[in-house]
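Residue numbering begins at 1 within each chain, and the chains themselves are lettered A, B, C and D in the order written.
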């Protein structure tokens, strides 16, 4: 161990290849950019998290414990905008994707390293604009920016918040572009499409959504901004414009955006499940193609956000039918992961606990999606806490669990050091329990009819809201623990070695932390992915 | 290098046909074809775009993946437009409540308020018709007012 | 490092020039796919409103000057030709003809913007056609006409913004070409900029009939 | 805290039960698959736990029959759910021909409702039991949403167009109605009650008409008529929500409690006491409002204060 520690300090790797602020801010190394993203999105997660905590405290009392309704509205808007656009969407793609895509395909870097750095700067500019909007008075339109509230009636910093989202969208587009080109053109010799780890398939599918969806929300926000500036525009009912058109254009991106969040997590889980059962993935091609299928179908279903919006009921029927189709590839994935455990050699290290937690919570979240794709039940549940519960199960229970699982899995590769596994397992358990306590009551209170985004609610909903707030406090503790031990481990953790989990994949064949060029020489791939047992 | 060097001759031929098509589309606008005016104009535009893409943008000599990228972008555009129009053009199929047709269908019923103020629209006739009481408590007088102004 | 026989032309992450060239090309095409969707949002909204408010849109369209629109289309097509020739010059390593073609393209691009600005937008402003600033049209279907002009200015504005960016990029290329940075081994930048330029041309090819020729002129 | 706690919302309309049956069916599917996945994972994770580091499990590539099975079974289920949900939805969105039409206008942040007989109400909807009611709705400003959970109905109320929803109440009583589409600052105060009455009572109520309105409701109308919202709803003037009974900081640094007297003075002599952070821009309303109307306005401002609501419980 002592020699290994010395090795970590003496050997040149990407972390000690340069020191000082400049070596970070001007780096084009995809691994360092991943670290920059990790730090920034953790910051934005804290911003959104503080808002979440305040929201849950406020809702303990039916009349609102702390804030005026206007302040409450700003809080949930801030929570939504930061969590969706500045944490969830960049989380796995920009952090783990940036770090792993070149390493997994056996390349020295992404195809366009400078563009990659530019993406981070664009992201930060967007983030700063959104922060500006929040600090100087806040924004109260919700993260959905529905017109005409956002164009005409809101008196808050809609412009700078929308501009922030607009700008950060280009970061998302350029990251997706970089990944697609890299996966197409930079694969190591022998790395055929069907030898690629499933994480790459997931990243590829995610990138398709980022490339083809994000521009639409960008132009939509431009139209909103123009309407706000000139007091007339294409969504303005005064000239015959239709606010529902805004919803179409918005959800054309924002529904697939949910899959930008969940698909990469699915990729991570595929990696974790195989590694910790020492087994090939069950039904490789089904999981791979279901990722692409989800990406494509996700663009056909946006109208289910609009069943009661005044959209034509015939369009509602078409969108309902298409929405159910997403259930199929999602189900295929869940069943295949479960089947991978069969006759495996299952160990319960922390990343695996996160992965199993993901499967459970994603199942619950996905199945409640059926209620919302069904026209008759959605009429009752739309815009209630049922919806809030549903998408938190997918985004927090699913995507964040996947992100944390991935961070725990590749942490030794990123930092070269191990974290205390006991603490990590404890945190995983606390998060799982806290999460369910927070969001399960929201399904119930939603079915009772409590509308979302209410600062003040009828007293009969109080019990369930108090339960939810109590769960949230547990969840907050659960998220705080990894923050502490992961930071601790960067300096004091035991040295990991190149492959602490006995995992397969090119990224584990290079030292931890990897050298700047990733590989001494470009590897040649001669086996399938997940060739455990060979 | 793998890339194809295209003879100048081809470029000039394409250039000439693009100019000719521009003239054609402008000329066709002065011929009455009824609804076909739009369709013809769009077909000509598609032809021109195809020529530019195939020759000026070298798509004809590019690897297949470039064509896949372009076609998928067009496919996604088609998804966006077709599913959105599905909504807009089937809304009127819903039975319209009696007495409300005029206001429901005609969007010309809007009052334009002075600049900078959000517009309201004229109260539908049914309100006035059904309100059999004193005008001062009628909803109609409640409505026209300067609303909250944006920004 | 790969054995970099081509010197500084090959970036460190690539194995050879062909891979680098293909990656740049593919990257640009994907970027153009995002541009298709960017303009696509506008086209979707346009399609719907044009069908809902056909008479108003036709009336608005008739306020525009077809001749100037057609001339501008021709200007853009000329610039596309010179751009294509510029790429060709770079491919075969003819510096002087590359410089000429780039300068011509830039000038044609500027001409387009200038015509747009002075002969069209300025005219529209003086006539009182700008929604949100001075829209004073009072004929029948005034609201739909206003909606049409919302689209007209947004679409042509976003397109003109793309032209400005394109001219800027070509300016940088011109400076590099002056220093002799391009050659048969190294012309990716010219080629990808060309793809972008042609794409902006294609957008205009659609905008012209969609905005200027609604309802015919007979 | 447990007061009024329920597991299931009231079923008070003809369509509620049908929606609930579908809801139970979906819940059953959910529970079944959640149980299958959870139990299988627990079983596999325990049964095949790693016993030694050298263990080499048997490698299984996959199984086509299984893949087909778990593609087709969920597909079949969702087809059933789709057909059920859609047919129910179509039935639920077609108002019977004999429906009584009531007009609803949403505006920030109140519901204005007009009965065919001309009677108007604000934030309350009186309807007779066992009669189909069709609401024709529109909005004056932003998108709202008219939802009555006990009836399982909901529809956005959109500016520039009319939307409809219908229901037939099956129980008398008072039921919540909510604005479910986020509509700005006081979104959560834009709620009211649907009061379902016996037909005879309803007739009585109708003939009572506008006289039945409370002071606060009359004040709300005045508030609207006088366009108070142009400033007090936009930040040009101090917001009035929750201000009643609270201390207010004035521009000269002193503090007053916003009681009836203060509010009255502020309406009649606005420049007497200026709230900190605002300009003296409010015109006087002396001579424009009677004392009775002043009381109504104050009652309305009181009703905007959640604290007030708490005390009255």
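Keep this in mind: a residue touches a chain if its C-beta (ideal position, glycine included) is under 8 Å from a C-beta of that chain, and two chains touch if they have at least 3 such contacts.
What you see is a predicted model, and the numbers here were worked out from it, not measured in a lab.
S.K.: Which chain wins if you rank chains by how close their C-alpha centre is to the centre of all protein C-alpha atoms?
M.R.: Located nearest the centre of all protein C-alpha atoms is chain A.
S.K.: My parser should flag the chain pair with the most contacts; which pair should that be?
M.R.: A-D
S.K.: Measuring from the mean C-alpha position of chain B to the mean C-alpha position of chain D, what distance in angstrom results?
M.R.: 35
S.K.: Measure off the straight-line distance from the CA centroid of chain B to the CA centroid of chain C, and report it in whole Å.
M.R.: 20
S.K.: Using CA atom averages as chain centres, what separation in Å is found between chain A and chain D?
M.R.: Each chain reduced to its C-alpha mean, chain A and chain D end up 31 Å apart.
S.K.: Going by the contact rule already set, what residues in chain A reach two or more other chains?
M.R.: 148, 152-155, 184, 212, 216, 229, 231, 237-242, 244-245, 248-249, 252, 313
S.K.: Listing for chain B: what residues touch at least two other chains?
M.R.: 65, 72-73, 76, 80, 84, 88, 107-108, 110, 112, 118, 121, 147-149
S.K.: Tell me, which residues of chain D touch at least two other chains?
M.R.: 108, 141, 159-161, 234
S.K.: Which of the residues in chain D come into contact with chain A in the complex?
M.R.: Touch list, chain D to chain A: 1-9, 18-19, 22-23, 26, 29-30, 33-34, 37-38, 40-41, 44-45, 48-51, 55-63, 66-67, 70-71, 74-75, 78-79, 81-82, 84-86, 88-90, 92-93, 108, 141-143, 145, 147, 149-150, 152-156, 158-161, 163, 176, 178-189, 191, 234-235, 239, 241-242, 306-307, 309-310, 313.
S.K.: Per the contact definition, I'd like the list of chain A residues that touch chain D in the complex.
M.R.: 63-64, 68-70, 72-73, 140-142, 144, 146, 148-149, 152-155, 237, 240-244, 277-280, 282-286, 308-310, 313, 316-317, 320-321, 324-325, 327-328, 331-332, 334-336, 338-339, 341-348, 356, 359-360, 363-364, 367-368, 370-371, 373-377, 379-380, 382-384, 444, 447-449, 451-460, 462-463, 466, 532-533
S.K.: In the complex formed with chain B, which residues of chain C make contact?
M.R.: Its residues touching chain B are 17-18, 21-22, 25-26, 29-30, 32-34, 36-37, 40-41, 43-44, 47-48, 51-53, 66, 70, 73-74, 77-78, 80-81, 83-85, 88, 91-92, 141, 143, 184-185, 191, 194-195, 198-199, 201-202, 205-206, 208-210, 212-218.
S.K.: So in the complex, the part of chain C that touches chain A is made up of which residues?
M.R.: 1, 11-15, 19, 22-23, 26-27, 30-31, 33-42, 44-45, 48-49, 52-53, 131-133, 135, 143-144, 146-147, 150-151, 154, 158
S.K.: Where on chain A is chain B touching in the complex?
M.R.: 148, 151-155, 159, 184, 208, 212, 216, 228-229, 231, 236-240, 242, 244-245, 248-249, 252, 299-300, 302-303, 306, 311-315, 318-319
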